[in-house]
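So that you can tell them apart, the chains are marked A, B, C and D in the order they are listed, and the count of residues begins at 1 in each.
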Amino acid sequence: MGLVANIFTQPKIKELIGDSAIGHNRYSTTGASFLRNAQPIRVESHLGPVALAHNGNLVNSWDIRNRLERDGSIFQTTIDSEVIVHLMAKSHKTDLLEALCESLSQVRGAYSLLVLTPRYLIAVRDPNGFRPLVMGKRSDGAIVFASETCAFDITETEYVRDVEPGEMVVIDHTGVRSLYPFPKAKPSLCIFEYIYFARPDSYIFEESVYKVRKSLGRQLARVMPVEADVVIPVPDSANIAALGYSEESGIPYQSGLVRSHYIGRTFIEPDQKIRDFGAKIKYNVVKEVVNGKRVVIIDDSVMRGTTSRKIIKMIRNAGAKEIHFRVSAPPTVSPCYYGIDIPTHKELIASTHSIDEIQKYLRVDTLAYLTLDTMHKAVEGHKGGGFCDACFTSNYPVEFQDHAGNQKSLFTEYATEE
Amino acid sequence: MGLVANIFTQPKIKELIGDSAIGHNRYSTTGASFLRNAQPIRVESHLGPVALAHNGNLVNSWDIRNRLERDGSIFQTTIDSEVIVHLMAKSHKTDLLEALCESLSQVRGAYSLLVLTPRYLIAVRDPNGFRPLVMGKRSDGAIVFASETCAFDITETEYVRDVEPGEMVVIDHTGVRSLYPFPKAKPSLCIFEYIYFARPDSYIFEESVYKVRKSLGRQLARVMPVEADVVIPVPDSANIAALGYSEESGIPYQSGLVRSHYIGRTFIEPDQKIRDFGAKIKYNVVKEVVNGKRVVIIDDSVMRGTTSRKIIKMIRNAGAKEIHFRVSAPPTVSPCYYGIDIPTHKELIASTHSIDEIQKYLRVDTLAYLTLDTMHKAVEGHKGGGFCDACFTSNYPVEFQDHAGNQKSLFTEYATEE
Amino acid sequence: MGLVANIFTQPKIKELIGDSAIGHNRYSTTGASFLRNAQPIRVESHLGPVALAHNGNLVNSWDIRNRLERDGSIFQTTIDSEVIVHLMAKSHKTDLLEALCESLSQVRGAYSLLVLTPRYLIAVRDPNGFRPLVMGKRSDGAIVFASETCAFDITETEYVRDVEPGEMVVIDHTGVRSLYPFPKAKPSLCIFEYIYFARPDSYIFEESVYKVRKSLGRQLARVMPVEADVVIPVPDSANIAALGYSEESGIPYQSGLVRSHYIGRTFIEPDQKIRDFGAKIKYNVVKEVVNGKRVVIIDDSVMRGTTSRKIIKMIRNAGAKEIHFRVSAPPTVSPCYYGIDIPTHKELIASTHSIDEIQKYLRVDTLAYLTLDTMHKAVEGHKGGGFCDACFTSNYPVEFQDHAGNQKSLFTEYATEE
Amino acid sequence: MGLVANIFTQPKIKELIGDSAIGHNRYSTTGASFLRNAQPIRVESHLGPVALAHNGNLVNSWDIRNRLERDGSIFQTTIDSEVIVHLMAKSHKTDLLEALCESLSQVRGAYSLLVLTPRYLIAVRDPNGFRPLVMGKRSDGAIVFASETCAFDITETEYVRDVEPGEMVVIDHTGVRSLYPFPKAKPSLCIFEYIYFARPDSYIFEESVYKVRKSLGRQLARVMPVEADVVIPVPDSANIAALGYSEESGIPYQSGLVRSHYIGRTFIEPDQKIRDFGAKIKYNVVKEVVNGKRVVIIDDSVMRGTTSRKIIKMIRNAGAKEIHFRVSAPPTVSPCYYGIDIPTHKELIASTHSIDEIQKYLRVDTLAYLTLDTMHKAVEGHKGGGFCDACFTSNYPVEFQDHAGNQKSLFTEYATEE
């Protein structure tokens, strides 16, 4: 529990022996943040010891879990990923790879997985490829997997390629090989990674996040222009979109909001009270930038609207003459069941309110979102294929059953900022 | 991990809500002392949440575990008790009590169990009744279970009676009732509880430990007399036997060894190095008592003989003229498979050496043990019935299979002092 | 020891009673980072209890300390500020304010002080006014002092004015009053606060840091122009200067370097090894921004040059065609004795190398600094009066004696980034 | 803060370099138990670094402290021992030994001191020799000082002799020498060390504690006999006196009270609440021993009487027919100003109540104390000379001024059990 650098100190790392390792950085949300829910999951079964790290969410884990429990399985955690190892343990296959394939053929949803056993290191991406998974190589020949390429940069690893949707990369003493054990499916890469989640210095789905994010800002300026004196981002995730907006519109970009460096993304804090406190002291306005000005604020998403409303009030108090709010994505109308913790329909302001109503709630002079079409234009020609845009359209590529509260507790592994 | 008083501080206890609770104080041995091996075990299954605290050891848990793992069960701990909850989870009974009985009918060995569910508090003692389990009642009507009655004294609980061998006491909102779901077996209460393990202020198996322990000392003086100036115990577990020896023999009792109060029984320390250090500074001799004297040392058992040898050397260096070592039990020749961590045959000095050889190793003038018959005389007329004396006779009341190393790691939940 | 939010948790804050408080956030450097060196210093003397928080460095503390020790004083810390309380304790004045004035009349150098006693809250700024000190007021009437106004914004405090150089503001139950107990001196506000140290959303010395910092960037573009495709800052401290450079030059501003949010300013980490690790993973380059481009990098200072060199190498490896390094301040040639931990002459690359040599060391196509004159132009008309620019000119407003190593350990309370 | 074994772990001890060391084990009482009050005190002054560990209490430290504070000294702790280092720091002697002598010539009261400097290890005992201080030697030639000889036994150190009252033993690279820098005074060894404080396996003041303590029990049986069935001690401090009483009276000794091994002497716990909890669960009665019996309870002292009363109630509830309370010392009527934390006059039950009244309060059938004369008989012929018995007689060998509350906080370094 805590920041990686505080947990894996040099003495601790020196204690780790062996020549392969997997790790997992889990964003906890209130309630689910127990130590025992930390990943990698590590279990022993008739297949021997298996460790598993999972990015994404399964949509039928609740059904499977109920079935397994009726059959006598005992779960150790409340995370959806645990069904994968239970299905493996129940498999009659004695070969671990076969047992893993059998297990994965029963789960549906999003998974970018790393599986470590004494013999294998296995990387798998679900057939839709919802969540990213990249492969790199170090000069000493070591193979490295990560969610984003920025992790390669700091470990002196060269980016090789993405693990493909439906691909299973197996590494053992004989080398590296690829399997494609699943039926093909329509590629459904998460478009929200580009909009908000990934770091701008990463390439995901083989495309620069920075480039896409700037393009989103440019599109926004084109379709939702406004006369103003200054463009300011909600830092840091909207910085690049704001640069794009500024370049396209010609309105100067300024750093009108300062974010405290001692508070990270709010969702890494396990305790709700600390999150609230974080929200309170995270942003401050630079009066010099907005006083007497017509201000365009760029943000990448509006979930509940509460943080946006606070920021807008600060800027108004600092003397802004006009405030125009621009969002570098379409209205977020639906939750994500594949691994991004977007709030429920009830909590999502755009799910239950018209844009006019949101504008009034935020108290801005104008409010505009990117259109769905122009969002897709920003990733046009992308060689990874199709995207999942269910949070904007409610078109879910993989069916799911909603199990009310219970479901929720299994699915909310990731939390967005608001 | 740690002493109860340090873990369950007042603020922590105030956080605990509800009206029933179970706890467990586990003596850890090197290797098995992980946090996840701490009891109570708490799992969720199709029967709902179940917590279980177990005193004793199962002799067929390894076989059951192997079978369950082959069937797809995933174990969370390396403790034998976990098979009980897995067998419950695999049961097709939907009634929890029936599932528990079905599970227990498959395990063999020693178990004094507390099981807590949202609906029930259940206390069960195995048909042989190896390990103690007592029931008490507080003035507010609360029912309390414990291993020894001394726990009742400090919690203002009145001792009611022992849970009987093979009895299952069930408490729910309708009251308290007793079931006897198992076939009857020969009572086999652990005689070693009287000799060493229990506290002298406890009643176990409905008899005063103090009284039995003194009687053992008296028998020892009768059958193994010696001319001497002073009787000293190895504190604190042999104090009462030494008083009995002194009374019967007329040789004055003195506190010739001082034990540091800041070091507890050695086996509660999880780390071997700390245990060694503890052994080193635990005892000191009172020169005034032994200098120029013929000394009888009373101890309750000799396991490896290493601590005894150190103590004897200290007493010799302090000027004792003669040293006579008397043990208030027969030679310990066999390990225990029911929950007392007596060392292996190889390590037990009396298993591999004659009394003459042990006397030479310890460097004492005379060495004598209590005979098996006289030991049994000390508990004669005991209304609980028969005893297990397998550690002295190798007559094991319940068969077991020895699984070499693996077995060991499951069975060494309790460690004796040497 | 640690971040404020981790130390002063809600439960801890609730334990604090009373109606006045002072705190201190000390940047520790290797060696001096003991708990006992933490401020506020709190002592008891014949004047009663006194707590003191000190921003700045005294230049004659070593002499005073030696004299006091020869006279029998015992120091508790190795920080220079402690001489102030010792001088108060030795004073024959029985009035605390007089004793404080007597003490301060003997020390020389930089001090922005808060002193708390059961009766008084006192804020003092040295006659030269080296370090900032601002006064604010909350709607409930509470008076608040801070180094920067950004602290007021998050505590809903209204900025009233700066404490003036040489002013002593005394608050007690009778209200607020101002004393000017010291001879007047030439104002010597630290110009480096504008360049690097303060937050851009603060007003210090009654001027917007953002405005000054942008103006520095604009001046830099005017006097040190270059043809290029993109301007990128070394985040975050050079962001605003880079915006100014971009606006003036017309070369687009991009966020070409990403800084990890989980690592703060390097100097808050007490352990050298963690600092090195921090340096390694703090920055990453956005290949998309620099590949095939002529890049202008803006930084606010170059101390040892080692971090700059690493950043430049990263940008070169990412495919930059040309790299032009621009510094929004003159070359740093001399250490600071008034509270900013600028390295020693020996370590400062600009103190021992020509600009040509630095350019070669950094491996950039061109390198240019702001001139002294243009730097001063950026703060022209500032109503606070004169500035201290000793780190750029070696003109020290207050004399000091250099006491080699010993001196160093007392003076290095603040550490800059490299 | 904590037990030695938990603080000075093997890794910590390995970090300690050098060839001399001093330590201190301080019993904290509520209020004074801050980390900064921990000994050894370590300061730097014009004499260089000095560390000091002090057993005992000074009776004029408050006056000296006031004088020093008026002169400008700043104290770091609230412990009396700190005046010694301040007086050294104020001394004009440049030789450390001379400065220490000058300092000690100004303090009055009890001190057994160890002083460590880069050059010297110094052991000093005050002229009255209130508190013990013994010197030992290891086979490797190392000189060791301790309060009791039991510390030598576990460190394989041979007991050489006591440091004499008024003696200063100085160890440096030239060897060991003795100085007697103070005027001679009447020896006043603390008789309470024999009665309660020291361990029975120690020799203090060159006499066996065990022997004296047993002799006290024998005298008690002689002068305060009673007809009874069983003698039981309040463990562990009264064990030996009870053995003496039993031997002299012929009434059998039994261990009728069991003391939990997981709670040490109550006064080592810093927090009052934990102390109370400790008192509650520390003792339990062995019903078997007292039921239907006439019981003699032996204790070594009665302070407030509250613990005794609780124990007596327990024994009564367990079925004792008669209870006779015998104390192996005279009534404690006065506090100690020399280092044993005996409660104030107001709190001491024997200071304000007659023996009849105490007997009624305790609800015992008879109550008797040892007489002053017979107590002295137990140490007759002791070669150390006279004793301090002020807690029983109010005859204080060294005058003191009582400074009400303030004084108290300086003097209560040691706390007795009740």
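Criterion: a residue touches a chain if its C-beta (ideal position, glycine included) is under 8 Å from a C-beta of that chain, and two chains touch if they have at least 3 such contacts.
What you see is a predicted model, and the numbers here were worked out from it, not measured in a lab.
Asker: By mean C-alpha coordinates, which chain is most distant from chain B?
Answerer: Of all chains, C has its centre farthest from that of chain B.
Asker: Taking the mean of the C-alpha atoms as each chain's centre, how many Å separate chain B from chain D?
Answerer: Distance between chain centres, rounded to whole Å: 37 Å.
Asker: Between chain A and chain D, what is the separation of their C-alpha centroids in Å?
Answerer: Centre separation, chain A to chain D: 65 Å.
Asker: Please output the residue numbers of chain C that touch at least 2 other chains, ranges allowed.
Answerer: none
Asker: Report the complete set of touching chain pairs.
Answerer: Between chains, contact exists in these pairs: A-B, A-C, B-D, C-D.
Asker: In their complex, what parts of chain A are in touch with chain B?
Answerer: Its residues touching chain B are 43-46, 69-76, 85-86, 89-91.
Asker: For the complex, which residues does chain C have touching chain A?
Answerer: Those in contact with chain A are residues 3-5, 10, 150, 153-154, 199-201, 208, 210-211, 236, 239-240, 243, 247, 252-255, 258, 261-265, 273-274, 277, 280-281, 284-289.
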